[in-house]
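In the two complexes below, subunit A is the common chain; its partner is subunit B in one and subunit C in the other.
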Partner chain A sequence: MRILNLAGRRLAASIPTLFLILIGIFLLLQFAPGDTVDAMMAQMGGGDAATARELRQFYGLDLSIPMQLGHYLWRLVRFDLGFSSIYGKPVASVILERLPPTLLLMTASLSFAFFAGLVLGVVAARGVNKWPDTLISTLGLIFYATPSFWFGLMAIVVFSVYLQWLPAGGFEDIGQAATGLARTLDIAAHLVLPALTLGLIFLAIYLRIMRASMLEVLNLDFVRTARAKGLDETRVVVRHVLRNALLPMVTLIGLQAGTMLGGSVVVESVFSLPGLGRLAYESVVQRDLNTLLGIVFVSALLVIAVNFLVDLLYARLDPRISAGA
Partner chain B sequence: MPLSRIEISRRTALLTSAAIAANVINPMRAFAQETPRKGGVFNVHYGAEQRQLNPSLQASTGVYIIGGKIQEPLVDLDAAGNPVGVLAESWESTPDGKTITFKLRKGVTWHDGKPFTSEDVAFTAMNMWKKILNYGSTLQLFLTAVDTPDPQTAIFRYERPMPLNLLLRALPDLGYVSAKHIYETGDIRQNPANLAPVGTGPFKFNKYERGQYIIADRNDNYWRPNAPYLDRIVWKVITDRAAAAAQLEAGGLQLSPFSGLTISDMARLGKDKRFIVSTKGNEGNARTNTIEFNFRRKELSDIRVRRAIAHAINVPFFIENFLGDFAKLGTGPIPSTSADFYPGPNTPQYPYDKQKAIALLDEAGLKPGAGGNRLSLRLLPAPWGEDISLWATFIQQSLGEVGIQVEVVRNDGGGFLKQVYDEHAFDLATGWHQYRNDPAVSTTVWYRYGQPKGAPWTNQWGWEDPAIDKIIDDAATEVDPAKRKALYADFVTRANTELPIWMPIEQLFVTVITAKARNHSNTPRWASSTWHDLWLAE
Partner chain C sequence: MDTLKRYFRSPAAIVGLILLLLIIGMAISAGWIYPRDPLALAGRPLIWPFSNPRFLLGTDNSGRDIAAQIFHGARIALLIGGAATVIAILIGVLIGAFAGYFGGWVDTVLMRITEAFQTLPNFVLLLVLVAVFGSTLTTVTIAVGIVSWPAPARLTRAEFLSLRNREFVQAGRTLGMKDLQLILGEILPNALPPVIVYASVVMAVAILLESALAFLRLSDPNVASWGNLIGLGRDVLRVQWYVAAIPGIAILITVLAVSLVGQGLNDALNPRLKGR
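Let's look at the complex of A and B:
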C-alpha cells in the first residue's frame, strides 16, 4: 500500500509539471514563423489574402497570444483537447487513432531491447575479456553509434527488397483486409523490422548496463558465500546475481520510455507507420498547435504511467524500497 | 549534356503518341498491340496528406492526385495539350467574350446515384470556384452569374470579357464540379464530403485511413464505356522519400508521381528495367526555379545589381552537375512547354559572365570593402524540393565569387511563406513558379503591382511598373488568341528586361512508374487526370 501512496504522490506532483510543459511548448511554437493558415497556403499552392483572413478567424488565430493560451488551458481543464486544423476532427480522436501503432512499437522494441540486452549482457559478463565479451561489446558499440534511419533503410533493402521476407512498410496489409488471428500475424510481420530498428540503440544501452552491473554483483560477498555453499554456477547467476543486477535495468526502462517516443519519429517515417511520432512531426510542420499540445499531453501521461509501473516493479525486485518508503 | 533516354522522351513528349515514347524506352514493346486487361490494384505513393480532397475547393497536385480520380472537371487536356470535354461536351463564346455557354454531357450520375445537371455546375462555380478555390477566385473575379435554362446547359456570364482560350486552359485545374445536393446546406469548408469526396469519376471513394492510406474502387456506372480498367487505387502515405523508393522496388508501390523520390533514386531506378522514369505526362505542370528580389532593399532596386546577380551564376553548370536530365535552361516566366504562349528564346537573357557581373557591380557603386565584400544579402529558399536547396547553396557560392556575401536562411513551408510574402523579411528568395497552362492563371500575379500583402506567390517584391501592368490587364481580357499571344510575348520581354524575378531553370516533374502500366503519361497533366484508361499488364 505504501508504494501506491508514493506513486500517488508522484502523480499529483507531475500535474503542475505537465502544465508548465504545455505552456512552454505553446510559447515556443509562437517563435516559429508562420501559423497553421500559412502552412495551409503552402499546401494549397497559393490563395488570396481575404481567404487567409477568413481562415485565421475560423481557427481563432486572430486573437492575441495570451487569449489563445487562456482558451486552450480553459479547454484543457475541462478535458477538451480542442480541434485539429489539419485533420478536421477533435484532437482526442486523432490521437486515439494514432496511439495503438506507437504503443505496439514501443512495447515490442522495449521488450526486445530489454530481453536481448539482458541475455547478451549476462553472456558478456560471464565471459568477461574473452571473445564472447569482445564480440558482444563491439556489436553493442556499432548498434549504439549507427543512426536508426540508416538501420531501417538497410533492413528494408535486405529483408524486403532482396529477400522479400517482410513487408517494407505500413501498419497492415490493406489488400487482404484480414481479421482475427490473420490480422494479428499480419500486423506482427509489419512490426518486426521497425521494432528491431528502434530497439537496437536501446539494446546497446541495456547490454552495457547489464554487463557492468553483473560484473559488480559477481564480486560481492554474498555471491562468494553462495559459491562457497557449493551452489552450481547457473543457480548462482540466476537466483543470486541476476535479480540484484536487474535494478539499474528497470530504472532505465522508466527513463527510456520518453526517449523512445522521440526516436519513434524517425522509425515511423522510414516504415510509414501511422504513429504518434509522425503525427507530432506533421503537426509541427503544419503548425497545428492543438494537435501538438495534445500529443505532448498524452506522451507525458504515458511516461508518468510507465514510471508508475517501474515503481511497482522496483518494490517487487527489492523489498527494501517499499519498506523504506 | 549527354542525350539520355529521359531527355529524349521529354523532347518528344508533347506531340508524339504514347506508342512512340514507349518505342524510345523499350524497342521490344514498340508496336505490339495488347488488349487491355481489366482488374488489378494500383498503389500510388502519396507524400504529404492534405486537409481535404475536393479539387473544387483546393487547386493543388496533392489534391488532384486523389480527388481527380473521383471528381471530374468540365474540360481536360488531350495528348496534344488541347482542351477536350469531360463533363462538358461542347462550348461557345459570344464575340464580346462576356457569355460562355457549356453543353453538358447527358446520362452522367454522381456516385450516390443522383443525376449530374447544370445546377451542379452553377452551384460549384458561384460558391466554390469564385469564393473559395485558390486561383479560381482570381480567374472568376468577374463572373456574375451562371444561368441554367435546362439541365444540360450552363451559361457563364462575365462582367468583363473572358477569353475562351483562357477559360478552357484554366478549367482542367480550376473546373472540377461538386454535387449541389451534397454541399447546399451547411458550411462548405466543413462538409464531411471534403474528406470523403463524391464525384462522377471512374473511381468511387471508399476509405481514408489517416496516416496510412486512401482507397478508391472502380465505379461500375461510369459514363465512359468499358472504363475504368483498374479495380482499385490505393494511395499509400509515405513521407520518407528513401522508404518510398524501397517500397517501389519491393513491389508495394506502382507509381511515385511529381518527383516524389530523391534525385539520386530517380536516376538509379531509371536504369532498372522494371520501371519507367520520365518527365512525360507532366508538361502541363512545368515549373521554373526563381530568384526573387526584394525591391525594398536599396541595392536590389538598382537594375544593374539584379543583372549582375543573374550574370554571376553559371546556370548550365548547375543543371548539368546537380539536376542532370530532369531540368534545362529556362528563358523566362513562360516555359517552353507552353505551345500557346512560349515567345521563343529571343527575349533578354543573362548568360554566365563573371567579368560583366563585376563590371555591373562596380558601375552600381558597390566597391569591394574589407575582404573583398561588396554587399551582404539574406537568401530564403523554399523548402519544397531538393533542387531548391541545392540551388540556394549554388547561388550563395556563385555570388561569393563576385563579392556578394549571401546568408542562406532555411525555413519550413509556413515559415517561408510568412517571412517572404507577409513580412517581406528577405533580400533574395528562391522557390518554384508553377505554370498552369495560361499565364493569366498562374504567372502574371507574380508581376502585377498591387497584390494584397500576405498573398503567397504574388508580387510581394515591392516592384511597380505601369507598363507591365497594362500589358497584363490587356492580355487578361483580350478575346483574340493571336493578339493574346503577342501581348504575352511583350510581357516576357518586359519581365526579362526589368528582372524583378529571374526564372533561369525550367523543370518538369518526374514520374516513376512500373513498366507494367499501360496508357500512362498520355496527357500533359496525366498524374492529375482521371486514369480511366490506365491498366496493368500481367
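Let's look at the complex of A and C:
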C-alpha cells in the first residue's frame, strides 16, 4: 500500500510537468507558418477566402491565443486531440491505431537490451581487465557510437538482401492474412531486426552500467561474508550481487523511455513499421501539426507511465524504499 | 602536467585523440583537397569504391564524389556538433547555476521546466522544432542545442548545490560580493570542469541527432552532411550498399573519437573514479 501511495504521489507530481509541456508546445505551434485550415485548403487544392474564414471559425482559430489554449487544454482533458485533416480521422484514433507496433517494438528492444546488457555486464565484471572485459567494453563503445538508422540499413543488406533470413520491413505480410500462431510468428520475424537496431545503443548503456554496479557490489562486505560462508561463486552472484546491482539498471529504464520513443521514429522509418514514430515523421513531412501535437502529448503520457511502473518495480527490488517512505 | 600524463597513460584515450585529430584534419583540408563543390556532379553515377582512381570512394546515385562529401561532411558534423554543444552547455549552465545557487522557488520552477524537457523524447521535440522553424543549417543547429541542455543543467545544479555553502563562498559573501559575482567569479570556475567533460557526451549525441535528422531528409539538404548521404544511399541500398555504408562509418568513427577523448579527460581529471 505504501508503495502505491509513494508512486501515486510521484504520478500526481508529473501533472504540472505535463501541463507545462502542452502550453510550451502550443505556444511553439503559434510560430508555425500556416495553420490547420491552410493545410486543409492546400489538400483540397485551394479555395476562396470566405470558406477559409468559415473553417477558421469552425475550428476556433479566430479566437485569441489564450482562448485557443484554454479550448485546447479542455479538449485534451477529455482525450479529444482534434481532427487530422491528412488522415481524415480524429487524431486520437489515428494515434491509437499506430500505438501497438511501437509498444511492441519498445518492449522487444528493451527486453533485448536489458537482458543482453545484464549478461554481458556480469561477464565483463567477473573478468575485469581480462580479455572478455576488454572485448565487451570495446563492443559497447562501438555500439554506442553507431547511428541506429545506419545499423538498420546494414542489417537489411546482410540479413534481408544477401542471406534472405528476415523480412526487410513492414509489420506483417499482408498477403497471407494468417491468424493465431502463424501470424504471431510472422510479426515476430518482422520485429527482430528493428528491435535489435533500436536496442543496440541501449545495450551499450546497460552493459556499462551493469558492469560498473557489479564491480561496486562485488566489493561490499556482505558479498565477502557470503563467500566466507563457503557459497560457490555462481550462487554469490545470482543470489546476493545481482539483486543489488540491478537497481541502477531499473532506474535507467525510466530515464531512457523518452530516448527510446525518439529512437523509434528513426527505426520505424527505416523498417517502414506503421507505428507512432513513423506517424510523427509523416506528420512533420505533411505539416499535420494537430497530429504532431497529439503525438507529443501521448509520448509524454507514455514516459510518465513507464516511470510509474519503474517506481513500482524499484520498490519491489529495494525494500528499504517502501519501509523508509 | 599530471593530468596530461594520466591522459596519455590510457591507450583508449590516445586512440580517441588520434581519431579526433584525423577528423579535424579532414575538416580543415576539405576545401584544399576537394576545392570543388562536393554536391556538384563529378562523374558517372554509382561507381564502386576503389574501381576508379579519380573517385577513391566511388560516386553516389547522381554521380557526386563520395570522398569529397565525406571530407566536407566532417566540417558539417564538427560545426553542427560543436555549435549545438556550446548552445546546450550555455543554456544548461545558466539554468543549473541559478537553480542550484538560489534554491527555493527559483529552483522549483527551473527544475519543473527541465523535467518537462526531459519527459519529452528529445528526437520528437527536435521534429517539432524543425517542423515549426524550418531546416536550415542554423535552425537545425539551434534546435539540436535546445533539446540537449537538460542533462548539463542537472549536472551544473548538483555542482552548485554542493559548492554554494563552502567556506570560500561564505568568505566572499561576508566580503559583500553580489550574487552574480559569487556565481560567475567564485562558484562557476569550480563547477565547470565536470560540465566541460560532460560536453563530450552532449557533442556525441548532437552529431547522432543531426545525422538521424538528415537521414530522414529533415535537415538542411544544401550541405554535404553524412546523414544526407546515407539517406540518399538508402534508395540504392539493395545493390549499391556502399553509398550508405561509407558515411555511416565516418559518423561512427567521429562519435567514437569524441566519446573516447571525453572518457580519457574524465579519467585524467578524476583519477579516483577510474575503472568505473
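Quick note on the criterion: the second predicted complex is superposed on the first by the 287 of 325 C-alpha atoms of A that agree within 3 Å, B and C clash if a C-alpha of one lies under 4 Å from a C-alpha of the other, contacts with A are read in each partner's own complex, and residues count from 1 in each chain.
The criterion applied here is as follows: a residue touches a chain if its C-beta (ideal position, glycine included) is under 8 Å from a C-beta of that chain, and two chains touch if they have at least 3 such contacts.
This is a predicted model, so every value here is computed, not measured.
Within the superposed three-chain model, A:161 lies in touch with subunit B and with subunit C [touch as defined at top].
By the touch criterion defined above, A:279 reaches subunit B but does not reach subunit C. When the shared chain is aligned, subunit B and subunit C each come close enough to touch A:32. In the superposed pair of complexes, A:153 makes contact with subunit B and with subunit C alike. In the superposed pair of complexes, A:306 makes contact with neither subunit B nor subunit C. By the document's definition of touching, neither partner reaches A:106: not subunit B, not subunit C. Of the two partner chains, subunit B and subunit C are each touched by A:287. By the touch criterion defined above, A:20 lies against subunit C but remains apart from subunit B after alignment on the C-alpha atoms of chain A.
By the touch criterion defined above, A:124 lies against neither subunit B nor subunit C after alignment on the C-alpha atoms of chain A.
Touching of subunit A by both subunit B and subunit C, each in its own complex, is seen for residues 32, 149, 153, 156-157, 161, 269, 285, 287.
Residue ranges of subunit A in contact with subunit B, taken from their complex: 32-36, 38-52, 58, 85-88, 94, 97-98, 149, 152-153, 156-157, 160-161, 164, 167-171, 174-175, 269-272, 274-275, 278-279, 282, 285-287. Remark: subunit C residues 12, 112-113, 115-116, 118-133, 204, 208, 211-212, 215-216, 218, 227, 230, 233-234, 237-238, 241, 244-245, 248, 251-253, 255-256, 259-260, 275-276 touch subunit A in the complex.
Residues of subunit B touching subunit A in their complex: 41, 48-52, 58-62, 132, 134-135, 137-138, 189-190, 194-195, 209-213, 215, 234, 236-240, 242-243, 246-247, 249-250, 252, 411-419, 422-423, 434, 452-458. Interface residues of subunit A facing subunit C in the complex, by the touch rule stated above, are 14, 16-18, 20-21, 24-25, 28-29, 31-32, 128, 141-142, 144-150, 153-154, 156-157, 161, 212, 215, 258-263, 265-266, 269, 280-281, 284-285, 287, 289, 292, 295-296, 299-300, 303-304.
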